[in-house]
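Below, each structure is written out as structure tokens.
Each of the next two complexes has chain A plus one more chain, namely chain B in the first and chain C in the second.
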Partner chain A sequence: MEIDVIKKRRIGRMKIILSIILLILLLWGSGYRTNISLYDFFVGIPNIWSTLLDMFPPDLGYFHYVIGPMLETIRIAIIGTTFGGLLSIPIVLLSSRNVTRSPLLFYTARFILNLIRTIPELLLAALFVPIFGIGPIAGIFAITIFSLGVIAKLAYESVEAIDPGPLEAMTAVGANKIQWIFFGVVPQVAANYMSYFLYSFEINIRAAVILGYVGAGGIGLILNNVLASYQYSRALSIILFTLVVVTMIDAISNKIREKLL
Partner chain B sequence: MIEFKNVRKIYPNGTVGLNHIQLKIHKGEFVVIVGLSGAGKSTLLRSINRLHEITEGEIFIDGQSITKARGKELLRIRRDIGMIFQNFNLVKRSSVLRNVLSGRVGYHSTIRTILDLWPKKDIALAMDALNRVNMSEKAYSRADELSGGQQQRVSIARALAQEAKIILADEPVASLDPLTTLQVMDDLKRVNQELGITTIVNLHFIDLARKYATRIIGIRTGEIVFDGPVEEATDEVFAEIYGRPIHKDELLGASK
Partner chain C sequence: MSRESNHKRDVAIAKDIQRQLLKKRIMKWTSLFVVIFLYIWAFKGMKDFHIGKNAVKSMKAILGGFIHPDWDYIIEPGGEDLIHALMDTLAIAVLGTFISAVLSVPFAFWAARNMSKHKWISSTGKFVLATIRVFPELIMAIIFVSAVGLGPFAGILALGFHSVGMLGKLFAEAIENKDLSSREALIASGANKIQTFWLAVIPQVLPEFLSYTLYRFEISVRAATILGIVGAGGIGAPLIFALQGHTWDRVGIIFIGIVVMVTMIDYISGAIRKRLV
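Let's turn to the complex of A and B:
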């Protein structure tokens, strides 16, 4: 008995030690292969100060120049989120096992949904720029696909969590499938859906800011240009402007979401 | 008339839900089904509007086989059968009136119903249904603002708006207190008498069954072990249905 306990403890300790060794090896290996060096890090530190000093004071006169592109960024987010939200509705219904009873159908819908969700929005934008040309259209489509993934994933999980009682009642009154969805499912998830829609809009504003880096319109393009030409005081004013806009939109969206639920 | 012809139900795990059910329920009857929980009361009731499928046999509603009905035909038969549930099954975030109107979906086109374009006649019908259960002043409240008893009366109104010829009530008072229990049972009885709606209720309170039923059906392990008028349902009969003497908590008057 006693020997058994000692043995078990020894095995437990070995497991912990081996795990730690494995983790260290993994870290060291990753660092070695990516050629990071502490030397580069310490050499870089003074650059932080010089860049920050270059940024101050922000070029506030530049604000009015970036209002146009900033509005474009917001428009890309609004249109993209709306398209994505609308397109997500059929996918949500198809992915929910309590609405789509056939496993073949709901597993297929979920598989497509997961495929969509593996692609980052920047990559989507980079794919759409050669197709639709440089400009906001590529950005809008990238945001559409991206928010479709976000909204559909969150919303189908809430559809699966609704009270099955009203669904049973709608079956009993002789409702057809569409009536069953509109009277049994929709009223139970509408508020959640709107909340996910707004949440996705918040993420999309941030995403739309950087989409310009790959030529998909909005303020990102300008930020890329000023950074490339070392105009750091202008870069700072763009960053501050973005901060203000994102914070405001987040605050408004949060307030509405609180009211919804 | 509802007719069961040699109905059997076997669950996928092999449990027998219903066995050798031969039953005729005539128009205007107020039937109470009693039995222990798990005896098959709910299965029997839900097989009438095919919320549960049966394995063998056939069920006829006014001469039409619901067992063989497909698509629109099935929806049409269900439209004429109202159902009351233990948990009311209202959409809590919708208004009382919309919940009642949802009973009307079978009468109109899909597009008309989902856009909430109800004919005036339907609104009047829904309000009249609410009036019958004394709930008309709550028509514009949200369903979750109501008490349990009020919600159950709204669900009766939904069945009335449906212009149902049959009402199935599956443990309609199991989540209500004794006072509201009597109100809801009174409503069901009144609707049955005034409108001649055939009513079938699952209950586990013996004194309630005796008070409201015109006919009592006793079920034990999926089989009908008693079927007769209230006068014949003596304490000995109930003991036979339950397989043991009656407990005090099976009487509403004694338990609460």
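Let's turn to the complex of A and C:
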């Protein structure tokens, strides 16, 4: 009995020591790979401070220049999230175990969803710019695909968690599949779906801010130009503006989501 | 008399219900109008909502690159290849996540409600974390590139600082959800502050801290793939060059590489997280 406990404790300790060694090796290997040493930190941090101090005070007169691109950013997020949300509906139904009974179908749908979610929205935008040209369209498509992944992933999990009672009752009285989905599934998940839609919109506003870097429209392009020409006080005013807009949208969206659920 | 007062009460209730229904209806219609207005505004602003003539042609070319990727790019003798670029990306994510995990611990104890006597202390901590979260890592990366020069170091710092916003918040919530009776027991038996912290708080929150750190690592790996676009190291730089040079077979293999790497990391990290909590 006692020997067992001692043995277990020893194995536990061995595991911890091994994990720590593994972590140190991982960190050392990463540092080696990227040519980073602790010395860089001591040299680098003061440089960052001086750069950050260069940003003050913000050039508030620059605000009215960026209102147009900021509105375009918001438009990209609204349109992209809407398209993504609409496209996600069939994928949600296909991925749910309790709606699509065939494992082949729902596993394939989930596999595609997982693939979509591995690619960051900026890379999607970078891929769409050569197709649709420089401008907000590429950004809208990138946001569409990205929010499709986010909304569908969250929503199919709620579809799988719905109460099967109403569904069984509808099957018993002879409802067809479309009636079954429309009157059995949709009312149970509509509020959750809207909440995920808004959540994805919050993420997309943040994502849309940087889309301009690859030429996909919005405020990112101006921010890029300003930073590239070392106009840090203007950059700070753009960042502050973004901060205010993002915080406001988050607050509104959070209020609505609280009311929904 | 009592019947009359009952009747009065019923009328009052009925009126109240009516008023509430009216309020609800007004709310419904106004929100509908707001949404419609928002959509009209959003779509009207997109004046040049047309797709270029070359779209189909370029789409075909890009799809061709995905179907016939440049397999030779995976390993090349010079070392300027996919595997090395992906390893750089991972290394940036590892170091960035490590830095942010270390930095997040003090922030989390600052922002946790049950760790300080005054509410304003934890509220300011939460506000600072929210402010950090709003700065996208890409913008941080640009600022750091101009501060410390091109290369992965700027990317590591950008991920390290940006992740504090999210990780600090998650850590703080983990601390807030913990039962602190063991801490009180230690204080009662005469342990000092460091002892109570080390013996009662840390062992309780450590598994969750590790699990959140791994979760953040999964996100940071994705984020590290885009840092190269602004010169902060990793796979983003070769990707942007391939996109600008229209070498679609290389774009294809890089995207495939990113998808495979992210999927593998998600799988490994998910398996470890399941065992932790």
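Observations, loosely collected:
Criterion: the second predicted complex is superposed on the first by the 249 of 261 C-alpha atoms of A that agree within 3 Å, B and C clash if a C-alpha of one lies under 4 Å from a C-alpha of the other, contacts with A are read in each partner's own complex, and residues count from 1 in each chain.
What we mean here is this: contacts are C-beta pairs under 8 Å (C-beta built on N, C-alpha and C of every residue); 3 or more make two chains touch, one makes a residue touch a chain.
These numbers come from a predicted model, not from an experiment.
With both structures placed on the common chain, the touch criterion links A:G184 to chain B but leaves chain C unconnected.
Judged by the number of chain A residues each one touches, C leads among chain B and chain C. By the touch criterion defined above, A:T242 reaches chain C but does not reach chain B. Contact with chain C, but none with chain B, is seen for A:I36 once the two complexes are overlaid on the shared chain.
Of the two partner chains, chain C is the only one touched by A:I48; chain B is not. Chain A has no residue lying at the interface with chain B in one structure and with chain C in the other. Those residues of chain B that touch chain A in the shared complex are 49, 51, 74-83, 85, 87-94, 102-103, 105-106, 110, 113-114, 155, 158, 162.
Those residues of chain A whose C-beta lies close enough to touch chain C in the complex are 26-27, 29-31, 33-36, 40, 43-44, 47-48, 50-52, 71-72, 74-75, 78-79, 82, 114-115, 118-120, 122-123, 126-127, 129-133, 135-137, 140, 206, 209-210, 213-214, 223-224, 227, 230, 235, 239, 242-243, 246-247.
By the touch criterion given at the top, residues 163, 165-166, 168-176, 178-179, 182-184, 187-188, 190-191 of chain A touch chain B in their complex. Chain contact summary for the complex, chain C toward chain A: residues 38-39, 41-43, 45-46, 48-49, 51-52, 54-55, 58-59, 62, 87-88, 90-92, 94-95, 98, 130-131, 134-136, 138-139, 142-144, 146-148, 151-153, 156-157, 222-223, 225-226, 229-230, 233, 239-240, 243, 246, 251, 255, 258-259, 262-263, 266.
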